[in-house]
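What follows is a set of structures to go through.
Shared between the two complexes below is subunit A, which has subunit B as its partner in the first and subunit C in the second.
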Partner chain A sequence: MFKNTKILSRRLSTFSLPVNKSLEGIKATGENFQGLFSNKTINQLWFERGENLSSNLNNLLSQTSILKNDKEYSLQTIISLSMNTPELYQLHKYASNLFNLNFFIESLKQNDANKIEKKNVDALLETPKNSFGNIPTDHDFLDWINYSFGSIEEFRNLLINSGRAINGDGIVWVVAESSMSENYLDKNLPQKVPRFTNLAIVNTYNGGVLNDAERSGQISRMKKLLKEETEEDELELGSVEEAEYNVAYHNKSLIPILSIDVSPRNYLLDYGVFGKQKYLENVWECIDWDVVLRRLPERTTQLITM
Partner chain B sequence: MKIQTQAVNILETASNALKSGLLKEKPVWYDIILKYPPKHNLIKKPHQPKTNSSDPRNDEIVKNFKIPKDIHKIPKLKFIEDTIRDTFYKHHPWELARPKNLIEINGDEILKKCNWKNMLQLYKPLDGESVVQRTMYLIKNNKNLSIFDAYDLSRMEFYKLRMFEEMQSHISKEESIMNGAIIELNYLKQQMEKENEYLKQWIIQGMKQTKILEASSNKSSQVPVGSIIENDINQTSLFEDLVNLDK
Partner chain C sequence: MFKSITRNSQRIRINSRSIHTIPKLELHDQWKTNGLSNLFSSQGYTESWINFQNYLLTNLTLLTNGTGNETKHPFQILLNTAKQSTKQHIFHFASMAFNNHFFYQQLTNQEIAKETKPSRFLMEKLIHQDIDSLESLKLKMNNIIMNSNGQGVLFLVESKDKSLQFLNCSNDGTPFYYGKNQILDLNGGIDEHTFKQLENLKQRVKNGDSDFNLPILAISYWDIMYIHDFGINGKSEYLNKVWDYINWDIVNKRLFQV
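So, the complex of A and B:
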């Protein structure tokens, strides 16, 4: 999946936090990340956490033997390699957390129009406001959003709502979704070119990575382990739950174009316990649509969907 | 006897009762009242306005005033809230399907606690009543707002909050499943499973019975099930007779 996003590459068996110019500037001057994070928070989120993650990852990498020394690996390759190996769980965790962190921070720009403020308990009952800015200007992208979500308002609502609804750590992703399942493409189309027709919103929890191949069949695999294998009964109908899983995770190719980290560490310091909605609204105003557009794959307008 | 409303009649009534034997002894007041009979009717009569009268009270009463015939009927109470409520539930019939708490003591103990500055309330779930109360709040606090605009505003707020509520329940389920939760069967599914057990038995039994039936019906012709037997071959089309007629 992470084919087109080569951000962090491995050099001499180590990874380091990529240099983000605006964040370096913030660190040097001690200013706030305008409109979203205070200086203290961005220090903790990016510099401290990022360095911690990368040093831990490097430590673990030096201990494992899955990687050949003469080859250069991208972070994404390490994530995919370690995904289904329980012994490499720690490695996978650090690698994916580092990738997620960079992916989120990269797509943010400063916007001094909004305020960073701590919310009190009244915010719990407030109805979210309808007014917002920072609408993407690219005509084709807007058209795609309208096609997939109905309108920019609906898109924003869905994005913020699904972010706000996550209780613990998690990330909301906006993805370009291929029209056909990878399984189908493998079988029927030798050249295997996924075509992207739809934009969608996907949640991952606890530093999970966005990979439909992993998710599809995950629950049924788990359940099969728990359940004693029984012979399949022709007369038995499947449950609604099973149908849901089969439809929800098709093993489609997903290309992430935007992510919002909604873990409490992002909003607790600046916005307080009740400030999640305000934080998400501020994030919307700070999205750098140019970065999002760069990540966007080519759109295919075809009618076949699966 | 008609109901006696006039105090003047009391002597007459008592005399009649004595004469007929209804009263056996004279009441103690009889002689006194006989000596000093009441001169006035003490019952106060409502003022009936007359068109030609010079009574000053007439000026205050609208001319041609008629006492309505249904004056004793309980008047129908009309509230704007009811209209809003009706409209809302007419447009959102499935909102009525949501469970509602009917236990209350005075009927207003929950509404009294609510502050309709926001639509979401700590003491009551989001429902059609929230839309009604929020609309009323908006009308009272915004003199420029028409009732339609106020209703639309609160309706949109309601949609927004309902959308979040639904998203939240959906995501919470997904999140807990991803964290390893196993969601138990609910009562409905349990019953379905139980029913399926019996249906399965019935299907197997039915299949057996059908085979026996088919076998016994084909016994005479000694032809295996499914093969074309004589009747099938000789079957003529509906139109065959017509075709033959022409020949």
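So, the complex of A and C:
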């Protein structure tokens, strides 16, 4: 699943920004990232911010003792390790922001058919257009999109509107969703292989990460812990909410296949404050579906025989 | 059929209504052409005040058109929508329009700002927060902001007992209602303090507590404040400059006077 991000593995207890060939080229020639970012923006978004994040992360990593020195850690592992530990809040933020940045930029390709343009207030009154290109060509993938969202148009609209609904920093993810929770898999299927039947769209905010299976249940654990301190010996059965919380919908495996960073820093410089819609439309045209397909897990469909 | 529509439409009375427009700042004309020396270029000012405020207010106009909030001010709309879970998309624009205006109201030219300073009354109150000078106030607030993720506004508020508190409102959070302060980020590990704050919040909402906080000072750290002049990673540079442009005469007056 994270084959594409193995470049982020840890060596000598440091992380560095992965080498992205097309972006290195852009940096050297001073050209724009065709169809999406000006040269200035992509330089700051990827190189400056990326280096900033990785150096801050390395700095904090050198001060903690959560890692053993002789082991190699992937960025994903660091994120999971620090997720439940309040003391490592900042470290977790730098790690997840770095991961999110790479995951987003990796799945973009240039497309010179788009125009990068500043929008003015009239953009708020425009009716969004429904003509677009860059439709994925893989037949099976298209079929899965149609199954999950209805049609490619509905999928694109939902994706763009989910992005518009985020007011501050955040990311829209397209994920493959397992139909069973990890708890269920643990108990019922010895091989523990999640089955991915559905594609879905998920928003995360302020450098949140997607697969937060390890995170879920923090609040109820804390509640339990504090309750035990104050009211001992009280026999109490679990509530319905608790049961639902633990079994029904939490810790299902989500595999991200595409992400769009909709934080203001991505569009303010090139599109202006009125240009979020235009930015999102341009991102759609720049999605590299080959990368998305490589991330896609195997699909499970139900076969009903009579 | 067409006829009846025409006839009907003639009968429709056309109501005129007012739309939200950008408040006029005292030094607007000067700032629009020259910016604020080292803080905002004229482009930075145009983007972060004129365009951003216009964006917020136009959206607010579009969302409140034909509703009960149509004739209200952004401040009234934010109070009106803060508690309604189905009106949060309106709350966002109203609250942010207020916050951005509140932030800009306390700014002035560097030369004028230099002549003003926090009143003794204000500094005396700050001592209870272990702040003994303007320098340590800057340090403390800049530190909170540098450790914050994403967009937001850091407020210094005067609470019910007239003591001063810091309120770090994420995104469009408002200092006027505790349920919408948006000070908790539950993305990472959750410690006992955060958990208790969350529980406390639930209890206050249940009890229907009132909120008496009033903002005294606001430092906005939305990307749009610094992205044009200091770049995507220019937050700390911006924070070091912004304090030279605070008109303390205005901030002093916001305190409850005895």
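Note that the second predicted complex is superposed on the first by the 258 of 306 C-alpha atoms of A that agree within 3 Å, B and C clash if a C-alpha of one lies under 4 Å from a C-alpha of the other, contacts with A are read in each partner's own complex, and residues count from 1 in each chain.
The criterion applied here is as follows: a contact is a pair of C-beta atoms (placed from the backbone, for glycine too) under 8 Å apart; a residue touches a chain by one contact, two chains touch by 3 or more.
If you're wondering where the values come from, they're calculated on a predicted model, not measured in any experiment.
Enquirer: Between subunit B and subunit C, point out the one touching more subunit A residues.
Expert: Comparing subunit B with subunit C, the partner touching more subunit A residues is C.
Enquirer: For A:194, using the defined touch cut-off, is the partner it touches subunit B, subunit C, both, or neither? Pick first, second, both or neither.
Expert: Touch partners of A:194: none, neither subunit B nor subunit C.
Enquirer: Between subunit B (first) and subunit C (second), which does A:157 come into contact with in this model arrangement: first, second, both, or neither?
Expert: First partner only.
Enquirer: Kindly classify A:168 by the partners it touches after superposition: subunit B alone (first), subunit C alone (second), both, or neither?
Expert: Both partners.
Enquirer: Applying the document's definition of touch, where does A:203 land relative to subunit B and subunit C: first, second, both, or neither?
Expert: first
Enquirer: Once the shared chain is lined up, is A:45 touching subunit B (first), subunit C (second), both, or neither of them?
Expert: second
Enquirer: Could you tell me if A:126 is touching subunit B, subunit C, both of them or neither one (first, second, both, neither)?
Expert: first
Enquirer: Can you pull the subunit A residues that subunit B and subunit C both touch?
Expert: Touching subunit B and subunit C on subunit A: residues 124, 165, 167-168, 170, 205-206, 208, 219, 226.
Enquirer: Given the complex with subunit C, which residues does subunit A contribute to the contact?
Expert: By the definition above, subunit A touches subunit C via 41, 44-45, 48-49, 52, 82-90, 92-93, 97, 121, 124, 165, 167-170, 204-209, 218-219, 222-223, 226, 263-265, 268-269, 272-274.
Enquirer: Using the touch definition up top, name the residues of subunit C that touch subunit A in the complex.
Expert: Within the complex, subunit C touches subunit A at residues 47, 51-52, 54-55, 58-59, 62, 89, 92, 96, 147, 149-152, 170-172, 185, 187-192, 194-195, 198, 222-224, 227-228, 231-233.
Enquirer: Applying the document's contact rule, which stretches of subunit B touch subunit A when the two form their complex?
Expert: So the residues of subunit B touching subunit A come out as 118-122, 156-157, 160-161, 163-164, 167-168, 170-172, 174-175, 177-179, 182-183, 189, 196, 200, 203.
Enquirer: Sort out for me which residues of subunit A touch subunit B in the complex.
Expert: Going by the criterion above, the answer is residues 124-128, 130, 157-158, 161-162, 164-168, 170, 203, 205-206, 208, 219, 226, 233, 235-237, 239, 241.
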